[in-house]
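Each structure below is given as structure tokens.
Below are two complexes that have chain A in common, paired first with chain B and then with chain C.
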Partner chain A sequence: MELLEPDILLQLLIGGLLAGALYALLACGLNLIFGVMRVINLTHAELMLIGAFGSYVLYTAFGIHPLISLFLIVPVMFVAGYYFQLVLVERVVERPMLDSLLATYGVSIILVNIGLLIFTADFKSVPVLQGSFAIDDIPISEPRAVAGLISVALTVGVYLFLERTRLGKAVRAVSEHAQVASICGIDVRRIRMLTFGLASAMAAAAGVMLSVIYSFWPGSGIDFIQKCFAIIIIGGMGNFVGALYGGILLGVVESFVGAFVSTQWGEAMAYVLLVAVLLIRPTGLKGVARA
Partner chain B sequence: MKNRLLLSALLSFLITFIVAPVASFAQDIVVGASVALTGKYARTGQEQLQGFQMWVDDVNARGGLLGRKVALKYYDDESKPETGAKLYEKLITDDKVDLLIGPYSSDVTMAASTVAEKYNFPMVSSGASATQIWERGYKNIFGLYTLAENYMVQILDFAKSKGLKKIALIYENTEFPRAIASGVKSKAKQLGMNVVFEEEYGKASTDFSSMIIKMKTKKPDMVIGGSYLPDSVAFMRQAKENRLYAKIFAFAVGPALPDFGKNLGLDADGVMGNTMFESTLKRPGVKEFAEKYKAKYGHEPGYHAAGGYGAGQVLEDAVKKAGSLDRDKLRAALFSLDTTTTFGRFKVDATGRQIGKRGYAVQWINGNRELILPADVATAKPVYPFKDWNKR
Partner chain C sequence: MPSVASRLRSSSAWAGAALVAASALAPLVFNEYYQSFLLQVFIAIALAQAWNLISGMTGYVSFGHSAFFGLGAYGGALFLTWGFPWWLAVFHGAVVAAILSLPLGVLTLRLRGPYFAIAMLGLNEIGRIVATLWVDLTNGGSGITLSPSLLPSLGMQYFTSLALALGATLLVAWIHGNRFGLELRAIREDEEAAEMVGVNTTLNKVIAFVLSALIPGAMGAVYVMYTSFINPGSAFAHTRNVEMIVMVLFGGSGTVWGPIVGAAIIMILREMLWAEFPEVHLALLGVLLLVVVLYLPGGIVSLARRDRRRRPDVAKAEETPP
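Right after this comes the complex of A and B.
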């Protein structure tokens, strides 16, 4: 069977890792929010699409390369996320989960429809970085390689921030126990705003990356957010590293199943893994049981 | 899943009541349709709707139908068969429309035509071509498009003339792409060509990398996609990324739309596709339609727009022929009608299936979409073979 040749296996593995890194970037932000404030952010995919459309607009209107727009969009989306938390999400944190679900869901619907009004339902893409380069005759997709590397860099960067800095420690403290953290003098409210800003920036960065890989329209969010939910459950709800593992695992599994079985089965893998994890290790790969 | 349902329900609510204002007046002849304004078929659905709307304007400018003004009532079916079926139920029983135009895509039409059949209400389908729709013994569904099974015939004949043998065939897992695939398989057999790779993919697929890597191991001469716009664009992008070589790349829906070139840039060059209509065709009314459409909507009409307009014209001719809105008379008129609209000839067989309409093949050449087959209407000669990615 030709598929078992090392070249092809390697190509599938690289493809899977690169796709997985992008999933991870998106899912880590989602999980960060959940970890810190127990809010399932249903606008996450739309935040990503804001990044994608931002990159599209900057490219078509001003000819700005997406890699440069990244430096414009990410800070803007950090600030936007920071204040979005202040204005809306802060009001529903610590309330029954249905409140935050409905609030973020409502915003998601509004964003999708604003997107449809502005950009219509046409598929857009940013035609740069097309094609591939080869290492030892193994073609590696240019946009995916760039997106994969940037995703890894950002995810690792945020991870180091969480692990190594005082502020990151505060984020983790709030995630572990908000009340105790607040007693220790941490401004929990500000940490939550910071977290949402960070997660929005990560989602928008994923969106910019997405804009060079796929075609997208304002309704594209749903395909990604569903996978993200699966990823954070696979990785462990609320666990940043778990989402990283989950994302990469999903990318690689999709890639191999897509080749050895079929693309249709590849796409079902998010849910197959989800069920498997729930049966075998219900807390997820990196999750711990919570009281 | 529940989430998705809830989202669609809310979305459809928003779209129906805020985004798509509905026009309906007493005494007007109301034409009802569901249109794909969101979801996978949104791009093509939107064009089709603009075609309907232009026809409504034109027919009213001509004095209306049977001396009455015509109005259009439409809802967004989100590219979903189940929503489409519900909407036609509503159009027929609730809105009590006078005439029906079908939705876009074979799978939504499959569901919607069942509702029309239940109420014995003739429906002119402007956007469907899977043969299955006409194999259920229904008496109320009239097609406009060339049958999906015949879409690739011209391109396959051309491939045969170049001595190609190995076909890689991929298609979405819904009615129309499957119908294309079955047409390709039977034509290939007849021509003595082999399908060396075959795979279905899901409706939301955007990542074909693994499929392409697998396909490469079979070394196909030509790649045929039973596809729509988003998947054909994604496939070509990833074919380049993974350096998939073949002498012909041909896709059912996609290359015939201007967006295909916009999304792919120069990588679109050489890709072939099917169309039902091009504004370069020399037929009465075509040029006027294309100019007027462009002035109104700011872009040239794809065949979906022309199909929408043509569906209106067919209804117009049928109502005139029947002399009333009576469903039985209308049905009889549609069965016996043989007319040529802006879109092309309309003539159906005893099942309502289109047999008069001609299909065409297009190819992207130097950034333009050219009509290449059949030769008598071609605007350019086919460029063969597809240029290797590393020589571009």
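Right after this comes the complex of A and C.
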């Protein structure tokens, strides 16, 4: 079978890794929030779409290239996320998980419908970076390569921040045990705000990357949030590196199943993997959540 | 001397009986427009009670309950086209939904924490995709149109949906008052403690979940008779999901009356807004959800009680001496 040619396999692998890197960028932020404050952020996909629509508006209205708008949108979304935590999430963070789920769900509904009022239900896209290039005769789509590489760079950047800096260490400390962290003099509230800001910035960056690859509409969130949840459960809830692995795993599996079986089954792989993980190892590859 | 609580209970039983009697007599007075509006309110009440049964009682939020409604709608529509009588189609809708909910519940509810909520989040969307792609069975995106000769009269649909809404409410009321309901609420308040005193938490959660899937399944089949047409978009409507959740929380989660009050208010709101501004309607539901979660955790029903910051059923449990 011609699909089994090494070149094709390599092409599928590269495509999967690049798609997986984008998933990982999104899912790592979601998992960071869960790890630090045990909140499932159901607005995460909408934060991503704010990035995507931001990129769309800046491109269509001012002709700004998405790679430049990245530098505008990401800081703005960091600040937005920081204050979103202060105004809303902080009020439900100590309450049962039910409350934070419902509160973020409410915000997600509001954002989607405001998006529909402003942008209608038509699909939008940002047509830059079209075309492809070849390495050793293996064709690689240019927008996917750029989006994938930037996603990897950002995810690794946040990882290094968490591992190497004092502030990152504080974030990890709160994630491990908020009370003890607080006793050690860490301002837990500020760390939570910082975390939400960081995760929002990552989601928005993923959105800008998404805008150059896919077409999207205000209701696109559900597909992505679903995949993100599958990823963080596969990788282990609350674990940053786990989400990175999970994202890349899902990207690669989707790419291969999509090519060998059918695109629809490729899209369904998030669910298949999710069920498998729930059956075999509910804590995921590297989880902190108790099953 | 009868306690305040028991007097409250008997007065609410009377109020309930009066409401049912009024609803049963309504078709004599009202024209078809009001009858179909009331029919939709009954559907909403039954759905809200179903959501209340799993999420209100146990605290495990279901973000995909409308999937069972869609499943029941297709189950009912197919049975009708295959020539079965309508009441069997309603039964079939319930059975199909229950059959799906069982493995789903066993898989996700044996785990504590957010797994259930996450697994349910995409269920409605998956239902929509399957219904679209499985063309042989569902006729895909073009949907199934039912010929009027197969369907019961509007009056019969009216009374069926009334009966289902009443049945769902009585089921919730009965569970609310018995040991099973107490165990479910114990799971919500502190699952570990409940388990330690011998509550079989997984079994309880799964039973509550399957019961709560039966009701929307049956209602989906009634809905399909009412509209005489079904397609993936109308069977698996995202809006229905949001409404179900907001109705219960707004009315009063975990109570018997809350879902009824919430469903009635949201349906009136919807009747006024939906036709012209669906996005505004949904955004308002989101705002309402946020306001209720932040400022009124007990819902509207709790306003009628002294201690409004508490969940009404918890406050009631504390009133009665052990």
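Keep this in mind: the second predicted complex is superposed on the first by the 287 of 291 C-alpha atoms of A that agree within 3 Å, B and C clash if a C-alpha of one lies under 4 Å from a C-alpha of the other, contacts with A are read in each partner's own complex, and residues count from 1 in each chain.
Note that in this section contacts are C-beta pairs under 8 Å (C-beta built on N, C-alpha and C of every residue); 3 or more make two chains touch, one makes a residue touch a chain.
Every value quoted in this text rests on a predicted model; they were computed, and no experiment measured them.
With both complexes brought onto chain A, simultaneous placement of chain B and chain C is prevented by a clash. By the document's definition of touching, neither partner reaches A:82: not chain B, not chain C.
By the document's definition of touching, neither partner reaches A:240: not chain B, not chain C.
In the superposition on chain A, A:217 makes contact with chain B only, not with chain C.
In the superposition on chain A, contact is made by A:113 with both chain B and chain C. Touch criterion not met for A:196: it reaches neither chain B nor chain C.
Contacts of A:274 after superposition on the shared chain: chain C is touched, whereas chain B is not.
Within the superposed three-chain model, A:56 lies out of touch with both chain B and chain C [touch as defined at top]. In the superposed pair of complexes, A:99 makes contact with chain C only, with no contact to chain B.
Of the two partner chains placed by the overlay, neither chain B nor chain C lies in contact with A:23.
After the shared chain A is superposed, the part of chain C among 117-125, 189-197, 207-215 or 297-305 that runs into chain B is 117-125, by C-alpha clashes.
Touching of chain A by both chain B and chain C, each in its own complex, is seen for residues 105, 108-109, 112-113, 116-117, 222-223, 226, 264. On chain B, the positions that touch chain A within their shared complex are 3-4, 6-7, 10-11, 14-15, 18-19, 37-39, 42-43, 45-46, 173, 199-202, 204-211, 213-214, 217, 229-230, 233-234, 237-238, 240-243, 259, 263-265, 267, 389. Residues 2-3, 8, 11-12, 15, 19, 105, 108-109, 112-113, 116-117, 120-125, 127, 130-132, 134, 139, 141-144, 214-215, 217, 219, 222-223, 226, 254-259, 262-264, 266-267 of chain A touch chain B in their complex. The touching residues of chain C, counted against chain A in their complex, run 59, 61, 63, 107-108, 111-115, 117-119, 121-122, 125-126, 129, 133, 242, 245, 249, 279-280, 282-283, 285-290, 293-294, 297. The touching residues of chain A, counted against chain C in their complex, run 40, 42, 88, 91-92, 96-99, 101-103, 105-110, 112-114, 116-117, 222-223, 225-226, 229, 233, 237, 264, 271, 274-275, 278-279, 282, 289-291.
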